[in-house]
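One structure coming up, written as structure tokens, with questions to follow.
Chain nomenclature is as follows: A, B, C and D, assigned in order of appearance, with residue numbering initiated at 1 for each chain independently.
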Amino acid sequence: MSSHVIEEENHVLLCLDSRRTYLVKIEKGKTFHTHKGYIQLEELIGKPFGSIIETNSNVTFAALRPTLEDYIMKSSRKTQITYPKDAALIVLFSGINSGSRVVESGTGTGALTTALAHFVKPEGKIYTYELREEFKLNAQKNLKRANLLDYVELKSKDITCGIEERDIDSIILDLATPWLVIPHAYESLKPSGTIVSFSPTIDQVVRTTEALRDYNFTFIETIECLIRAMQISRGKTRPHTMMTGHTGYITRARKTIKNDYSQEIIEHND
Amino acid sequence: MSSHVIEEENHVLLCLDSRRTYLVKIEKGKTFHTHKGYIQLEELIGKPFGSIIETNSNVTFAALRPTLEDYIMKSSRKTQITYPKDAALIVLFSGINSGSRVVESGTGTGALTTALAHFVKPEGKIYTYELREEFKLNAQKNLKRANLLDYVELKSKDITCGIEERDIDSIILDLATPWLVIPHAYESLKPSGTIVSFSPTIDQVVRTTEALRDYNFTFIETIECLIRAMQISRGKTRPHTMMTGHTGYITRARKTIKNDYSQEIIEHND
Amino acid sequence: MSSHVIEEENHVLLCLDSRRTYLVKIEKGKTFHTHKGYIQLEELIGKPFGSIIETNSNVTFAALRPTLEDYIMKSSRKTQITYPKDAALIVLFSGINSGSRVVESGTGTGALTTALAHFVKPEGKIYTYELREEFKLNAQKNLKRANLLDYVELKSKDITCGIEERDIDSIILDLATPWLVIPHAYESLKPSGTIVSFSPTIDQVVRTTEALRDYNFTFIETIECLIRAMQISRGKTRPHTMMTGHTGYITRARKTIKNDYSQEIIEHND
Amino acid sequence: MSSHVIEEENHVLLCLDSRRTYLVKIEKGKTFHTHKGYIQLEELIGKPFGSIIETNSNVTFAALRPTLEDYIMKSSRKTQITYPKDAALIVLFSGINSGSRVVESGTGTGALTTALAHFVKPEGKIYTYELREEFKLNAQKNLKRANLLDYVELKSKDITCGIEERDIDSIILDLATPWLVIPHAYESLKPSGTIVSFSPTIDQVVRTTEALRDYNFTFIETIECLIRAMQISRGKTRPHTMMTGHTGYITRARKTIKNDYSQEIIEHND
């Protein structure tokens, strides 16, 4: 697909171990400094990705091709990122893949946008709504670095006021008031389309679930995902002491086509 | 992408609620029987996916377009399936997307193969190794139903004896002795390529991790993923009583290019 | 403390393995039937607890002295029991031990009452409130079997209408509306006394926490406890597949003495 | 039981909130300094436990009677403490209560010893083995502060070389090589007595389980306990972001009396 050889302007993940990794851009004359010595980045040009390189203090780093996960974890952050574990489940629940058309809000750091664009490229598109200009510009930078900007349309709009796109495969929400977006999501989604919402609090989940029920979505479920890292070493194997106990709940559902009866109900609720 | 309208030969997910769903093939003259009455499946032809349909007992089902997750969960099973949560994380860790070339073993039910093919289509390819003919034929059936067979090569080979493909983006292992595959994976992977191994027991993880270290893989990590489903209802919100406490551990790593020095070490280890 | 030798009228835990255990009362002429054959219970009289006994089919059972945990798990159940893991944490958070005076409601099956009485005996006392006569009689039977009835006063009263006891060390709640008990608990507890409430839903926890704040309790915390059982076998070690994902949340707090200022606040809140 | 009024030499838990608590000893002329101002501790003398006191900066603290949990969490530490959640489960699994005779090793900080003594007092006794004199002296200090030293015998012995006590109700292990203690535990325990072992690594658990099987223990089980703290606040309720992912595994079993047949087996195994 892409070249195996590191070229100027490429991004490289310099990896001392799984905890100490650095995403750098290869530029002539640039030096990468660590507490383990320095590396002249232009020395990497022409070497294959995966090469082992030594600092001037003879400490070895692997020069890896960055993966989706690296681009997520190394996002320039203006706000919380969506963690890879949550991005992975959101993508799975959304049902999307190459060619899908997806609406997302808010863009935030663009970490989740990066994951979505990664999986819908090259024919699909992500329409991502973000009101805060500062966040939008930062996300743009992150997407450009990951070579995914072509598959994303960044929109400076408030999604709680409406969604412009129609016939959308999936809508992904990570904002404070997801329940306000449900009526617009209903209009925007193609029939049988999916919606996935990520929220840190129980209260958001309850309100969103109620809105989904009101709008005749089906297969409404909420889960949370806990990742536990293991320390693997013969004779000393055990889970790590600290873990992330909570990022957020993932609620998902699928659009059904309302019949007259159900529309009546909703009108009465209003 | 695909038509919105249900056609003959299509697969449809009939959904009473998120716990009671049925994957059916639309055929003329076929009747779908449930304890809530029956549906003449040909009545669905011409209706949009997402339509609400009633059984003869006036119970409503949604007729949804099946997603990746549905195809995984409804796999015809000859052995354990890889659960969607694990498939999602394996795909994320692998770094693959549209166009990737992936080696997998064992094929098993083809649940994970389905997920991999879903994400690499249309330009990518999954080479999946399975020794047991019965499993292979069953997986083939599952992949065909999910319209993903074109992106998969099913191989009746023992992967512990070698991998034929070269320059592979990612290798995905779910077999009893993953550590025996590490030397072959090293040969098959492109530099900086990823490997992800799924194993139920700690002992498999320890042996595989040791093999990965011996073969100069880097970024070696093991995690497990716990999913907790919530019961959302204003005034009665709580996690579900029962949960899956364990499916397996996911170990992943990336290939670095061995230099002479490291090869020496491995020889001394032997 | 108690005799090592099994006597008539004693309770014995017959244990095939940790999953198949039976709490029986030793009576002359009584036969214990299992799918692994039968045991004449009077054969156990005079043998030490811990003896291995064979059924007529030569399957061996251990004849163990029942522990607190056995009495909890083998409670005759009219409603949900409090699981040992939750009972253990409730006792810890309550701060009680031998000599403590404790109020509890509702009695339910008496499983938690059993744990509380076990730890406050011989000088302490449990005052347990239960409105449903059927539950009370059943709990009485469970407590009698565990030889703990002397340390418990079973009360047929509605604790949401008031607590009669004063100068209580700890109040333990497991009922539908714990928040209604907080004002009475405040009156009943000695200063610095503890309160621990067990509730399955988030909504109960929120209302109880708010009531505790209103009544000037301090050190208010809510946790939940997840127990994961392991399958230990060299080469095949792994967590069990299924686990209990939720029993309930444990909220606990300690009484402080209200000053005038805080009483004003509460009046304004009303 | 004990006086409600704070006296000189008493220990008091000064509590700003559940995260900021301080265990202090009331002495005349002593000042307690916090970043929220200071408190003259002698002002507390004569006030009831549970009183609210103000610093010179008008910040209020509750002056609580310390509970078992406070003494555990505020242990002067020379090594890891046993966390209250684990202490609670160990006590439950051990089956002990007032009057029990218990052997423990290693003493470590004495946190678990404190919990054990709390529950066996006033008639029971804890025999605790610790080789490192520095740990023993520190534990002694912790136990004295918690008024539990009378119920504990601190022993400077290596428990892997033998246990001196006989007819013991329960043996509690938290040391590097618990499997080496199993033969001695078998001799020391009364028939049907319990053993509970706490270990951070899987490998320790496997070896200990094997030793327990060899020595004819029954009801052998291993679990781990995960505690998840909740942040309770109407409209913002959620689990805390960080949690402790692992402290250790708890393995427990009960002694059965070996018969000739089983002893043969063990000899053949050796």
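To be clear about the criterion, contacts are C-beta pairs under 8 Å (C-beta built on N, C-alpha and C of every residue); 3 or more make two chains touch, one makes a residue touch a chain.
Because the structure is a prediction, the values reported are computed rather than measured.
Asks: Identify the chains adjacent to both subunit B and subunit C in the sense defined at the top.
Replies: Chains in contact with subunit B as well as subunit C: not a single one.
Asks: Quick check: how many Å separate the C-alpha centres of subunit B and subunit D?
Replies: Spacing between the chain centres: roughly 45 Å.
Asks: With chain centres taken as the means of their Cα atoms, state the distance from subunit C to subunit D in Å.
Replies: Those two chain centres are 20 Å apart.
Asks: By the touch rule stated above, which residues of subunit D touch at least two different other chains?
Replies: 202, 228-229, 234, 237
Asks: Which two-chain combinations qualify as touching?
Replies: By the stated definition, chains touch in these pairs: A-B, A-D, B-C, C-D.
Asks: In their complex, what parts of subunit B are in touch with subunit A?
Replies: Residue list for subunit B touching subunit A: 1, 4, 15, 17-18, 21, 48-52, 62, 64-65, 67-69, 84-85, 87-89, 91-93, 95, 97-100, 115, 118-119, 121-122, 169, 190-194, 202, 205-206, 209-210, 218-230, 232-234, 237, 249, 251, 254-257, 259, 262.
Asks: Give every residue of subunit D touching subunit A within the complex, in rising order.
Replies: 200-203, 228-229, 234-247
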